[in-house]
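Got some structures for you, see below.
Shared between the two complexes below is chain A, which pairs with chain B and chain C, respectively.
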Partner chain A sequence: MNEFSRRGFLGLAGAAGVAGLAACAGTGTSPTTGGGGGSSNTIEFWSNHPGNSKPVEQQIIKAFEAANPSLKVKLVDAGKNYEEVAQKFNASLAGGSLPDVVVVSDVTWFNFALNKQLSPLDELLSTAKIDTSDYVDALYNDYNLDDKHYALPFSRSTPLFYYNKDLWKAAGLEDRGPKDWDEFLTWAPKLKAAAGSDKIVMELPDGSNYLDWVFQNIVWGYGGAYSKEWTPTFSDPNTVKAGTYLQNLAKDGYLKLSKDPAPDFTAGIVGCSMMSTGSLGGVAKDAKFPVGTAFLPGDGNCPTGGAGVGIPANIPDDRKKNALKFIEFLTNAQNTVTFTQATGYMPVRKSAVDLPEEKAFLEKNPNAQTAIEQLPKTRSQDNVRVLLPGGGARIGKGLDQIVQGQDVATVFKGLDAESQQVFDSQIKSKLGA
Partner chain B sequence: MSTSTIVGTRDDEQVPPAGGQRRRRRTSHQVEASAHHRGPMWTVAGYAGMVLVVLVIAVPLFWILLTSFKERGDIYVRPAQWWPDPPTGQNYSELTTRIPFFDYVRNSVIITSATSVAKIVLGVISAYALSLLRFPGRSIVFLVVIAALMVPNQITVISNYALVAQLGWRNTFQGIIIPLAGVAFGTFLMRNQFLSLPGEIIEAARLDGAGPMKLLWRVVMPMSWPTLVAFALITVVNEWNEYLWPFLMSDDETTAPLPVGLTFLQNNDGVTNWGPVMAGTVLAMLPILVLFLFLQRQMIKGLTAGAVKS
Partner chain C sequence: MQSSVTQPQSATPGSGGPPPEVGPPPRRSSGRAWEWSLAALLLLPNLVLLIVFTYRPLLDNIRLSFTDWNISSPIANPVGLSNYIEWFGRDDTKIIVRNTLVFTVATVGISMAVGLGLALLLDQKLKGRNIVRSVVFAPFVISGAAIGIAFQFVFDPQFGLVRDLLARIGVASPDFYQQPGWALFMVTVTYIWKNLGYTFVIYLAALQGRRADLDEAAEIDGATAWTRFRRVLMPQLRPTTFFLSITVLLSSVQVFDIINVMTRGGPQGNGTTTLVYQVYQETFVNQRAGYGATVATVMFVILLAVTVVQVRFMDRGKQA
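Now for the complex of A and B:
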């Protein structure tokens, strides 16, 4: 040991240094074709298993492999939520080994489509002679950019109006949701009196947890919108009216925002809320009171949400063909029923509700029935929320400020300007290109 | 020859246990005396502060433990339940059936031990070279290492991914471990520790004919034990909790560690059943807790050993 030379030590130290540098070096000079990895008869499916759906996904994959013995599907844990899947997909775009099928949410798909990282499906669909008219229109058209579709609907949800039936009874209200938001305002004092001082009439998620998603319902209900096509319309008098409505609810002590209203609602502290249909199973299981569900107030004012499945652009054509085959199978009437019954999502096919097992299921679960009946009344979301980078977060922040008491018109004017600027700088030049 | 035996010998030779105890007793007397001096008000305030801190830290932990034994319907209730009624082991069995929990544990152990060993070894030898060996360009090498410390790993993640994916290492242990094994922090920490050692001792050892290796093992390391243990502890905890990189690299339970695996208990759209999540958290915490209790003793031992030198 004593003979260990200084030169030897230099070598060691150098090696350590190199190892340290290796941790932060390495820019990929990725091969453009194939993206490495993945043979043509193995379909890699990157999913976050929306709604704890891994067992169901595996079940559907098994059925697919039985029907197509030459193909294998590899299910990959790609993250805990849609944002993480997008992150992982982004990383793979930089460095190869692309998946064949990837879950993209209503917020994440557009950026990939815009940058031509997802394949437009229309041509593939027509070559494979797949009829898309059976997909629920609002859901199918959510993935439309320049008359091309970049994903097929998979785990789709909508918000629902949840209410505590016991409280409704105590307040002497009919057992139904409000017809519109004006009616709710006449109910609110009664509900507050019945609820007592330590309970809250309505709780909604805050601006960093999709308040901007459910609030679209109120905006549309008053005839406003976040945007018309690509033009932000926050300053529209009707949109401002909806904002003022929200502010007044909070000012009068009827409304509270929280990170997640579901726990408070199931604990019986909150009278009603607007939450995803995905929460249905959990809320029904946890609550110790009868849970009521209703359409969102208004008619045809329900935003869609959730995720679809897309195919990366830079993979060989035969892989794309196989991937499409799998997607079609994953979202066919039979499987969308299997999937949605296990998770609480919406069936994405019109014909799904006619299947006997779905009929039996709905009879037993009237709350799920509400969600499905609401489906034809859904409306695709406004562009500035789902398609502009950071749109949801930007609007959510603005809504938080309104609820805290800042002037509605000023905040919305700011949102108009910001949204327009983001559109001009990041989207405009790429559209139609 | 393992390091611990060497340290043990040094302890026996240089720190007679009685002496150590005597010194400790003396310090505790001093503390008591000064407490008397300050009066009972301060003592009460001190204890109140201690209780407050314990509550702040312990209540959430207690709540996690409690929730892991509750039935699903009892988790969100008002008034809150402060004792599971009835207690149930259901969450723990669900934890092991709903996700391949033990696969994740195995992966976590493999990844944590491999990266920690690599980091500690690399950290110590590179720090030793940069502090006590003289060679041209030493300060430049050190600057480069420090510069690496300034780059947050979120930035390097994409290019690392590209590199590792091209090597075909996705969803493999080497793909996860090797990029994590770089050690700018350890190098920095240990170098400063080595520099703080009294030069006389190093010089004396050199005069006595100790080569670089012997100097490191017999002189430098034993005196740096507390820092090394602290560094080791931080490293192990960090690696155990590492999320982003293993998440990007792993595809399924063949390589994914616990923090990634536990997320699959949560429901990303809807209501999470927190019972099994809490059960998983409790089980994931245990190994680190045991390791900490064990290493903490080593750290205190090292502290007293270090106190003798001057």
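Now for the complex of A and C:
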């Protein structure tokens, strides 16, 4: 009989550990279609509670249950951000129990729709006689694929230009945001002189934290784009010009990147930033100086963002019907106002701004008014950022490299090639299928 | 283990051969069968769990690595070796393998060396050593995500503790979040701090179980402290060192929470991306579960090879 020593045992245990590591790496599930599960009178709502909205979500759910006594809504913590909700939903597609309603972001909805895992809502909406014309058109149409809508807008946001009014005053600037990025460049030396060496003129989120989202404003401002439809256009001279502008801002000491500019801005270390309207509530509350908000520089160059709510394709029809009933309630004019006022996200219904409570709120909170007035100037994002898998992360990585000084044209040429390759290998054959 | 059962020599009746040797009575075959049955019964539950939750997914993972599976899709098309060819040919593979190597070597080496040092120190009869032992071990039981969040404040280039300490000696803080080298340094230090308690407590247990008489004998023979450490203590700690080298290696390679919370694999896209983080990125962010399975399979092969080398190395050490 061979010796079975402690070392032999440890070796075997190590091998088992190695095997377990590979097996548990997140890919050990067979691609199957989820079975649905769930109950027909309990609506399971998977949310990441965008903008710390759990209390207000619970408040809306309570009102829904009171209005529909035969239905219950189970609010599930499905992650801390949109990406985690998508991961949980993916896991459920591979065999788990599917939710009835799931939060899908501007970036995550498309892959689910393309792979037929979200229900097209048009027929359901028509059967339930729900009028969609009251949804803000730009937001409603963000979820359109082949003339079908796969989600309804929920926690929708845009970036805003936030600035420290005290610094603006000290620099002798008018109390407003820059008209365009060329004007900002003329302001930057004055702001730097007024801010002093220990403060930063502008801070933006880095490439791992949505720089690719807000940078679209600069790109569009210079006449460029990440893509035209599905054709990547990073090497377009105007896109390269925008990249060079970003690089020069950093090189000249006017720009820094960080994980999250909000704490630095509210602490008074940073003069201005582009951040989501969803940050408005927290920034206004925490800042010890007067906060100014303005449209993003340029006219009509503001990207939309945030998330909507969708219904899984592979659940029974009666569950879909109840899910739609809840979504309609969650996003009706009254509740979008409740949600907006609690979080800073934008109302997704046109009629919401005419409600007396919203009018009163906007009168008291002029910064929230800025976001609403900017809404008609928004523009749907470029396909290669929001619709290509990994688009945001890919572009963010390139922008980080540009800010660190790498050649703009070379980085953008690489992004063109990578984006095209992803489109060809993952999207092209499925479009129109 | 050598069998202790002496094989009985059969004496053929009427052969006139030597009388049978007197020895322990032979075990009956039914007794042995019962032992095997008991062993199988005891092993079976774990074996079933291993097969269902480790080896079957492992094989499934290898199968998926030869497909183009999009994680949201019900269909996975076979693509042959193209995922592997892509992985070996991509520019970022070198960076990610280098990150994994640097992170793993640093975390395994430093946490074992410092853990041993602390165990030696706190094995002495020092005042308040139990409190210090608890303090050293405590971070190990805290979740990596919580530690990642806490350490963001330590390394924050605007508000962080490190910035404050460096400012006191007139040195500017590096931007730990935007410079890939510093970012990797940051997550490595954070991981070592979290896991030091593990190596410490295992080494401490081994030290407390060692033979003190050998050390005393060597001291009487005039061996220096260094010689006693190298020639007397370390050989006794060899099995513990081997155990730790495997378990710390495996846990270091698996690190995900700290990287995800602190850097999300950045800056510049893959500044702190390790192989396991790449599996996550490709599978869940880029939706390429087939390609993610390829990276996981490559990682499995690399780790298996490293583990085999470790086992061989220890066996050779035993024979030497």
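One rule holds for everything that comes next: the second predicted complex is superposed on the first by the 397 of 433 C-alpha atoms of A that agree within 3 Å, B and C clash if a C-alpha of one lies under 4 Å from a C-alpha of the other, contacts with A are read in each partner's own complex, and residues count from 1 in each chain.
Keep this in mind: a contact is a pair of C-beta atoms (placed from the backbone, for glycine too) under 8 Å apart; a residue touches a chain by one contact, two chains touch by 3 or more.
Treat the numbers as computed from the prediction; the structure is a model and nothing was measured.
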{"item": "Partner chain(s) touched by A:125 [first = chain B, second = chain C, both, neither]", "value": "neither"}
{"item": "First, second, both or neither for A:90, with chain B first and chain C second", "value": "both"}
{"item": "First (chain B), second (chain C), both or neither touched by A:51", "value": "first"}
{"item": "Partner chain(s) touched by A:269 [first = chain B, second = chain C, both, neither]", "value": "both"}
{"item": "Which of chain B and chain C A:170 touches, first, second, both or neither", "value": "neither"}
{"item": "Which of chain B and chain C A:409 touches, first, second, both or neither", "value": "neither"}
{"item": "Contacts of A:115 with chain B and chain C, given as first, second, both or neither", "value": "second"}
{"item": "Partner chain(s) touched by A:401 [first = chain B, second = chain C, both, neither]", "value": "second"}
{"item": "Which superposed partner A:285 touches (first chain B, second chain C, both, neither)", "value": "first"}
{"item": "Residues on chain A lying within both footprints (that of chain B and that of chain C)", "value": "1, 3-4, 6, 10, 13, 16-17, 19-28, 30, 87, 90, 94, 263-264, 267, 269"}
{"item": "Residues of chain A defined as touching chain C within the complex", "value": "1, 3-4, 6-7, 10-11, 13-33, 83, 86-87, 90, 93-94, 111-112, 114-115, 117, 206-209, 256-259, 263-264, 267, 269, 389-390, 393-394, 396-398, 400-401, 403-404, 422, 425-426"}
{"item": "Chain A-facing residues of chain C, complex", "value": "1-3, 50, 53-55, 57-58, 60-61, 64-65, 68-76, 152, 157-159, 175, 177-179, 239, 242-243, 246-247, 250, 253-254, 263-270, 276, 279-281, 283-289, 292-293, 295-297, 299-300, 303-304, 307-308, 310-311, 314-315, 318"}
{"item": "Sites on chain A touched by chain B in the complex", "value": "1-4, 6, 9-10, 12-13, 16-17, 19-28, 30, 36-37, 48-52, 54, 74-77, 79-82, 84, 87-88, 90-92, 94-97, 155, 157, 262-264, 266-269, 276, 278-283, 285-286, 288, 306, 343-345"}
{"item": "Chain A-touching residues of chain B, taken from the complex the two chains share", "value": "72-73, 75-78, 122, 125-126, 129-130, 133, 135, 141, 144-145, 148, 151, 153, 156-166, 168, 170, 178-184, 187, 209-214, 247-248, 250-253, 256, 260, 263-264, 266-273"}
